[in-house]
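Just dropping this structure here.
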């Protein structure tokens, strides 16, 4: 990457594959823990997990620095973790505890971290997409080579605001990467029922935004496409669109009865586990095994810590509706 | 047309060209009269005229029957006239007089006529587009071969709801004709400033909706494309998209100072007057001349009549906010 | 009479109207084959087929607009906007189109459209899935707005909405989803839109509520009764047009008004009810009106904060005590 | 002090803020090269260039969302939504996004966004270009809403909005567009958001209004003065958060409340002001409150009907007379 070197990310101790594997493993263990905690009644609210989709988050965010922006969705844990969010603060938020990312008041779907450019997860389908365009606009204005990434699902593509956003980003040549995480369903509705053109890149091409489809279960493929697109953006050549075909192993939300799909379909995709796909390409089997163990420990500790945190004071429910004069943010 | 014959329109006394010319002349004279009336202070409110764009309205609506639906925009007089709306009632509405299409309460931008399938002009850019899709949905449900046409401008293409509507119509193979009247500007903003891809058909193609660009100043060309698309729709083959390149001679609204374009540009397009384009192809020069005279008389009489009508009773301002039980409409 | 859950009553109302009138059509995300994200349309796709019960893309604006057009062209579409918060994406079509077309056409173009939506308050679903935006809709001339507090009403008002010539927004409560109640078997049993109902008579104070808050008012009224305070509980059922007669009549009986709502206070339906009392009902009002509402903040998600946020029985009890001058 | 027209004051406020802070950016349909559909941004494109004063597509939702993102990322965007009625297309971004981000992030992510929009009432522009939807916005925790009745305020409140850490919707009145007034030269002159102002002191009744209706209240107050009725005129200026102190203080002085608004009545800002009087201000209220508003109907377009529709001087005068018990 040409310009990224000017805002270096904590140098990976090891090579690309290991780095990608570690990110995916952290996501996998995080999501698995969250799933268990919800099932056992410890977590309140709704949880939408990204197990099976880890390669997209890992691959795209590996091409970013802390200085870049992203927005994500109701299914956003993976993107936040890959962007560097703190797992302990995320878990505290899922538990609804005071030290959580949002003070414990928002739960899973609104994680945000100014320091890492995470402009927010979002419980409104597609709403994060123009917000990322805004990140791109600020980046272009500032001229430091930052980029903004919008993660969204196949279902979001039917929302008009995505098309409006593509047009704006293209007109203004903004450094925005649109990442469509196509997991074949919008809630319980298969993609062919909600999008007439199953080739999702076509919607971007209509706006003359360069678009590409990749195997969303192959972290190296995702990374290599994302890296090219991020470079274009940093070089001032405008937005790109990355269409990642993948699959979610769990239900739309934890507890979803999943009558709308066959067990065999899920099994087939489990066979293409993004972690295994990468593991098979790694020279030394012991490295991923060690990483898995490490992640499991990390998450277990974080869960324990988060669980022990205090709930927010009910009296705080009206705090921060308005900000004090002079409050500001952004870099 | 295969099925149109089953709901015949009052048979044109004369051939296609003459029929198209008459429609365009009626629009031209109507708009010219409206322009004069506004300038002289007789008409209140805003007026958006379609002088120069008559071939689109005439060509498309010639392919329709009274049983078909349309929706239009703030610049919708021409479409209503071409669909068969009564000029006297339209003028009364522009004057804000009681017998007008909307009881004189709505003015230029909300003309609607259930009997003619005119589902409404609209002062909200692009709002009529999904409404036409709804007309198409009713038509498909009823199965009598009706079609629905949405007229909208180049500016409207940037509204997300247009893309959502294309997707819906395509998914459900609805008999909808999307007609983009590309007059090169959205208010004071040239199209290249508001749409990144100047080839507007691309937005439809992305949804696999067949799309075509035609010379929007050539009524015969518009008609011939529209006729084919309408036939497809009646035959159950789904939506199409007709992109018509044209130009408005007047300002965005009557009174617009038009600092945003060169007089020479306007002159060049005046040279391609859709009425003259057609007239030059007609065998007998005296026919259009006679039509013009006829239209001028018709409009003059209608203006006189409308001007003499009473204003709505101010006490009626709250009538029809809610409808009596059992009220219904539609065919 | 059968005992049905709130959602089953909705389901049964939809089935009956689909059976009765071939012009009725359902549209929404997951309403077809999956039977609704929360089950309200179960079995309907199987019985009525994919043309009358349509799974749609996530396109709230076009969906609502399509329904407006279909209504103008003779159908009676029922659109589901999954959560109330998502009406933000359909406001142009609801407010500028559906609500105005009957008016602008002098009644020649009625819009017999029904929009169903669910308020997620109480689910722990957080600030973008639990808002009470009924005040926006009740502020719009041309729209009707209903919200049922019982399974019987959930069915009857939905059926009335579908048969109504005007666009009606039917708000459903996630918090009541599995509550059971008696529901009449007669498929012609509807409830008139525009009529409130007294759920409990009383002489000392009028409690006005709708949707899930009605239950809390009834509980509060029981607690108050034990203290000798006799509260009347009025369930509005229709939020627009408001049943001003019934509200004023009750106020004249009791002289005291406490409005309870899960929505925030400013410019709300509760504010409107109090506006009515302070203008037309002023002579009857013997104590300050009370608005028991959510605080002016977004809805927090965890159970502890949700409880602190939405008005509880205690809050209602305290407000009525203040109103009748018996603070403790 | 200079005499400026209302729109010139807006123009001057925008220019000063663009000059003062490089993070300020204007976005909107026709705001750039054309200088605004109604002239408010004239000259700004020339002075500040196409990157800071951007002509946009007709995409209200994405535009507002883009501005939210830009605000989160450190800019101070000012978005123009040409007519108030078009906020219907941006409600998700305004309400679910801009208004909630500061709250959800515990103040770590403020959204210093300004949305300018114009209410077309009085232009003869009809039912989709003349609505007063301020009640919707004032109902949303996290949003601030201001509406100026004079050129000086139009400038000062706009500047305060741009400097504010929260999303502020600045509503402008087409009806006041060419009204002239004194405007301070000092570029640091701002008006605090959240503070109402007394435009005329009086002892007999409190008239509360905002935007273009303030002028009609002042005229009505003159007419009433000639009859010996001394009306106080309170211009709210900020509709949310409401200056409850000033409203209650005035009510305590006069004991009578008449709210005048061009919007329709139900669930409106007027209803909210009366709600305040009937709850916290009840002890001071000596007569029924009065809401002088548009009837519950869409806005008709022709001049005769527009006059019948929007409250006029006479309607205000009559309401105050009723309130003080001097009907004629």
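Labels A, B, C and D are assigned to the chains in the order they are written; within every chain, residues are numbered from 1.
Assume contacts are C-beta pairs under 8 Å (C-beta built on N, C-alpha and C of every residue); 3 or more make two chains touch, one makes a residue touch a chain.
Here's who's who by UniProt: A, B = Pyruvate dehydrogenase E1 component alpha subunit; C, D = Pyruvate dehydrogenase E1 component beta subunit.
Note that this is a predicted model, so its numbers are computed, not measured.
Relative to subunit C, the most remote chain by averaged C-alpha coordinates is B.
For the pairs A-C and A-D, the count of C-beta pairs in contact is higher at A-D.
Subunit B and subunit D have Cα centroids separated by 36 Å. With centres set at the average Cα position, the gap from subunit B to subunit C is 39 Å.
Chain contacts: subunit C has residues 56-57, 59, 61-62, 85-86, 88-89, 92, 96, 100, 103-104, 127-128, 141-142, 241, 296-298 touching two or more partner chains.
Residue positions 105-106, 110, 122, 124, 158-161, 164, 167, 171, 193-195, 321 of subunit B each touch two or more of the other chains. Considering their complex, residues 69, 71, 101-103, 105-106, 110, 112, 114, 117, 119-120, 122, 124, 127, 129-139, 141-142, 148, 160-161, 164-165, 167-168, 171-172, 319-331 of subunit A touch subunit D.
Listed in rising order, the residues of subunit B touching subunit D in the complex are 44-46, 96, 104-107, 109-110, 122-126, 155-156, 158-160, 186-189, 193-195, 259-260, 311-312, 314-315, 317-318, 321. Those residues of subunit A that touch subunit B in the shared complex are 158-164, 167, 170-171, 193-197, 202-203, 205-209. Within the complex formed with subunit C, the residues of subunit D that make contact are 61, 85-86, 88-89, 91-92, 95-96, 99-100, 103-104, 127-128, 135-136, 138-139, 141-142, 240-242, 264-272, 274-275, 277-280, 282-283, 285, 287-291, 296-298. Against subunit B, in their complex, subunit D makes its touches with residues 29-30, 33-34, 37, 55-62, 85-86, 88-89, 123-129, 295-298, 300-305, 307-309.
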